[in-house]
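Questions regarding the structure given below will be posed in turn.
Chain nomenclature is as follows: A, B, C and D, assigned in order of appearance, with residue numbering initiated at 1 for each chain independently.
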Amino acid sequence: MTVRIAVLGASGYTGADLVRLALEHAEVEIVALSANAKAGQRIADVWPHFAMFPDLPRLVRAEDVDFAGLDVVFGCLPHAASAALLRDVRGPRIVDLSADFRLRNAAVYADWYGGVHPAPELLAGAVYGLTEFARAALPAARLVACPGCYPTAVLLGLLPLLQARLIAPERITVNALSGVSGAGRGLKEANLFAEVAEGVAPYAVGRHRHMPEIEQELGMAAGLPVTVSFTPHLVPMNRGELVTMIVETAAPLAALRTCLAERYVIEPFVHLLPDGVAPGTRMVRGSNHAVVNVFADRVPGRAIVVVAIDNLVKGSSGQALQNMNVMLGLPETAGLRQAPLFP
Amino acid sequence: MTVRIAVLGASGYTGADLVRLALEHAEVEIVALSANAKAGQRIADVWPHFAMFPDLPRLVRAEDVDFAGLDVVFGCLPHAASAALLRDVRGPRIVDLSADFRLRNAAVYADWYGGVHPAPELLAGAVYGLTEFARAALPAARLVACPGCYPTAVLLGLLPLLQARLIAPERITVNALSGVSGAGRGLKEANLFAEVAEGVAPYAVGRHRHMPEIEQELGMAAGLPVTVSFTPHLVPMNRGELVTMIVETAAPLAALRTCLAERYVIEPFVHLLPDGVAPGTRMVRGSNHAVVNVFADRVPGRAIVVVAIDNLVKGSSGQALQNMNVMLGLPETAGLRQAPLFP
Amino acid sequence: MTVRIAVLGASGYTGADLVRLALEHAEVEIVALSANAKAGQRIADVWPHFAMFPDLPRLVRAEDVDFAGLDVVFGCLPHAASAALLRDVRGPRIVDLSADFRLRNAAVYADWYGGVHPAPELLAGAVYGLTEFARAALPAARLVACPGCYPTAVLLGLLPLLQARLIAPERITVNALSGVSGAGRGLKEANLFAEVAEGVAPYAVGRHRHMPEIEQELGMAAGLPVTVSFTPHLVPMNRGELVTMIVETAAPLAALRTCLAERYVIEPFVHLLPDGVAPGTRMVRGSNHAVVNVFADRVPGRAIVVVAIDNLVKGSSGQALQNMNVMLGLPETAGLRQAPLFP
Amino acid sequence: MTVRIAVLGASGYTGADLVRLALEHAEVEIVALSANAKAGQRIADVWPHFAMFPDLPRLVRAEDVDFAGLDVVFGCLPHAASAALLRDVRGPRIVDLSADFRLRNAAVYADWYGGVHPAPELLAGAVYGLTEFARAALPAARLVACPGCYPTAVLLGLLPLLQARLIAPERITVNALSGVSGAGRGLKEANLFAEVAEGVAPYAVGRHRHMPEIEQELGMAAGLPVTVSFTPHLVPMNRGELVTMIVETAAPLAALRTCLAERYVIEPFVHLLPDGVAPGTRMVRGSNHAVVNVFADRVPGRAIVVVAIDNLVKGSSGQALQNMNVMLGLPETAGLRQAPLFP
């Protein structure tokens, strides 16, 4: 079986990491790569680390992609641009990595993303692709919305506990740390090396766009509206994402551990660490794995849940490929078996 | 006026930074530097960045320091070792940077630091040297305990709000990020470059030694026992410390800002940033300054307080020198006027 | 076909990276992992990034490895210790990553490594495993000495030019830059994060142990003794190695490029970059690839050859696996097809 | 005495570091700061690390600076723009940090900087401000051209040896490493954090603009034309510059050391390290100091000279202030006495 794919937006970090992983997937053939601003260039001009893959297709404009012969299209475009383009794609199934199809409510989208949704008619049919919690819906999906990187980490840590009613849906506090690739490859002074290195700071305090997505999914699990405190920080590293979450619970630590252990024992990519071992991003770098743990807090009635992922892999391109595998009935780990890179 | 000082433990990062700052203090004469394991070496052998200061004294063993002719002794030794040594020092006034004299209760010390306190008789007389809140007591102090780096950042952000009863003493959540120098210069695998770079992780989850110190001081401000959620993380940078704190409050953001503004407008080293500007460690690197801000949270009844300091300066050696200045009636900013180093 | 292997010294960075790559090699079964100081521990205790591979064998002492049932033993031990142990191994073929079997002359070894060679009788039969230049000898080899990381980069850049008599064997200047993993996982103050980050310095100026190895191999290619200027520097990054070499030549740039192009066009892991594109370590991170280029110098009669590799992969564990593949008649790229990781 | 200064181009890294140092100079009053693209903003909006200096003047357009009342103008503008503006400044003395007045020959400038020199009539009168070698000319200078960062490091290492005829002016090889701040604050993809971190590469191989400047000054010292091999590399650190230079010499190491020792013993900012100690950028970070050493090479007739500076201080703004001090008869170290910042 050969799956013919296109990657739209191949000049961004998520697009590039999707190409990297697809190259390791025996069933995938990369048929087209688009990048409007760099159309006509070879991929190695844009991504020197692909210099040794001369057979990769040249970059083209998205409108020049022949969608007819494709099986799957991966959208790695900015929000709004993604929906505007994908709306008219016929034929291939779509795995979108933008924010455009994550929120079920177009009005919430408009509030947070600053504009009318380009294709609200597609929202109802989109599957929210947190793979471990979407397996039933993926095989029939025509359009999959991959979760944001922060929501992926948060939800992997909290969904089982919330579904089991072991933690309260109120007063959830999420502290999040991200590597700089999460900010994208766009030219912003704030992302220059000398601005970021040797320092750390929060950003978007009190108003980050991943909040409504987190709250939508936690709310569905809890069966009532959820509002979280969420504070992301930029950390001087390329990759990696870590969330440290304070939750209220009446359950003992052992019950929380058992819940997570039972939920994840069968999962190839989500791992509960041994008691007391703190998740770190170095444990998952470059891989599709997530590591999870839960700790007692000194404040009675509180627990601390920690999750680490690679923001570009499980938080983005790896999960996209994992979703494609499930959609197509391929082995879920195909193309994703590489071990983390350390150091 | 010349202040004759000794630095005990000059081979650690806090000792070295104290020397750096003392070199810029016109009234200070560095008379003795101790480092037992490296006694006999020149300071430039231990700290190559002091190669251009050939007049600095050679390292000696602490017991070989002649305390008689000194005005002030700075203790930059590990906990327990510090109290054991300083207990018998007569003559000079003492500014201690270890944990030994921070906790007022020797039993609490024993719980957290794993041993009987070496000099419990000194605890009652020690002044807790968070300078901005200790000015009345410092001039008469014989022994000053400099706060830990995390407590310094936490207390600068919360004490004014707690004293004004604007925030609740319950359910305080502190998320803390520290540069690697905070882990000291000891040989631990976990602190090797290749273990730390390109990654981030929490450590001492639920049980960090700075907790009882934070709780002691917040409890005194609140007038009742306080327990906090505190989770520190190691960030791949040399210096810098940032705390992001979720607090419960019935007050509007403006009231919180006004409280902090009024408290700190006169302070040379603590600065409330403009509305909406997030504190970052790059704003204070190498300097004794702290930057503070408060934000509304989306969760009603919560606010987010953020503080950034340089862990080795305001969080350690700079504050020690600031304390010395106040103790001796010198200008508080003497030796501490250098601007932050960026980039 | 299944190749049963052991990795001796699995608690060091090269050992760990060999395990990572072996996990991606469909024909390899990891039967034993040794680490004397950490014997008895699970691999995930020593390498948290292997937490998701619970089936990896526990660490044992090297003397407890049952060599009888093995096909290949990889030695990732320190020099001297490696030869002392491997000397007595019977049965499996040996791929050694230490310095012990690289130098053909035991007296030179003694000069540079400070001791009598533990097994000089093995030197004559050892194959110097710079794979691209050792293919004829590898299939019959019982003992392969993998080149040092610096020699690998230097030789890939210079051997074809020297063999073609296009550059002079005199006055070769090598400037080398290495990531910190090259210094190993041993506890040295110089390798602590805070000592290394935000700085750069040369080390072992004029006397690095990779010199005699470089000179031996260049000398064999030139047919006369060669002495090089070689200055390595430690760079604040985990992985990667870059050599910038000034050579004397009477040939035009085009001739140098043609020589390298023709030599490497068939190689799966060595790539001449387009004219004017500078090799960088980010192009090869985590992969077994090497990127090479040559530039005209403004000084007439000189050219600049630049090579980048990942010190732990092509400079160490990847090349070891590549050698094993050739020894056993497996596809040379088996287990080594993953694309570089960027960013 | 108060020296009234303006800094033109205060939104770049060199401009900011000049402000930092000027703040520590008791005799300097910062009267005006220009930054055309950010005119009207407060300095703290552009440089958050100056948040604690509210009295600094607001940024204005360069043409709105009132030059009449100034004593010294520092030009931190891009090349060509600098000369075009400074050409018409009357009144204050000028210390320029751009490349515009470093090359004595306008034709060479046109070759390397791609355009007709905007003010060739000023070249003859400009003093090349490598302070240690320009003290005689500085007091009378109206226009001082501060050397480039690379030339500063190269010349400090080689000028004394060349003037003493201890090294040959032929076959000088310079390998240079620079922190990323040297690339400026402009928005270029190549300078984004995720492009630079965890990697190293050479740039401008064979054709960097600092070459003609190095050759001009070495040529003047040698009394004949000099051409050097010069290869700069970008290193993932904010600050710091290191040059490793291979030179040909008939002199023994001791003679080279004696030459440097005698030349620099009286210098406050240039330090010959003890025999065998390698210069590193961490020894000088944030300071105006340079550290120098020379080593024997294994290749007979060669020596290795290594110099480390902070590219933004001795390589730029610090040296500019040092020049101002000498021009005005102030103590040469005024404003520049701070010790290096480590870690």
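Heads up, the rule we're going with is that a residue touches a chain if its C-beta (ideal position, glycine included) is under 8 Å from a C-beta of that chain, and two chains touch if they have at least 3 such contacts.
Note that the structure is a prediction, hence the values are computed from the model and not measured.
K.L.:
Looking only at C-beta pairs that count as contacts, which pair of chains has more of them, C-D or B-D?
P.N.:
C-D
K.L.:
Taking A-B as the reference interface, identify its repeat among A-D, A-C or C-D, namely the pair sharing over half of the contact pairs by residue number.
P.N.:
Interface equivalent to A-B: C-D.
K.L.:
Using CA atom averages as chain centres, what separation in Å is found between chain B and chain D?
P.N.:
Roughly 36 Å, centre to centre.
K.L.:
When the centre of a chain is set as the mean of its C-alpha atoms, what distance in Å lies between chain B and chain C?
P.N.:
For chain B versus chain C, the centre distance works out to 45 Å.
K.L.:
Distance from the CA centroid of chain C to that of chain D, rounded to the nearest Å?
P.N.:
Result: the chain centres lie 38 Å from each other.
K.L.:
Would you mind listing the residues of chain B that make contact with two or more other chains?
P.N.:
13, 179, 181, 194-195, 197-198, 236-239, 280, 282, 285, 343
K.L.:
Which chain B residues qualify as touching chain D in the complex?
P.N.:
Per the stated touch rule, the residues are 13, 16, 19-20, 23-24, 47-53, 181, 197-198, 238-239, 269, 271, 273, 277, 280, 282-286, 289, 291, 337-343.
K.L.:
Touching residues of chain D toward chain C in the complex: what are they?
P.N.:
171, 173, 175, 177, 194-195, 197-203, 205-207, 211, 227-231, 233, 235-240, 242, 244, 246, 278-282, 285, 295-300, 302, 304, 306, 308, 343
K.L.:
Residue numbers of chain D touching chain A in their complex, please.
P.N.:
Contact set of chain D toward chain A: 13, 179-181, 185, 187-189, 191-198, 236-238.
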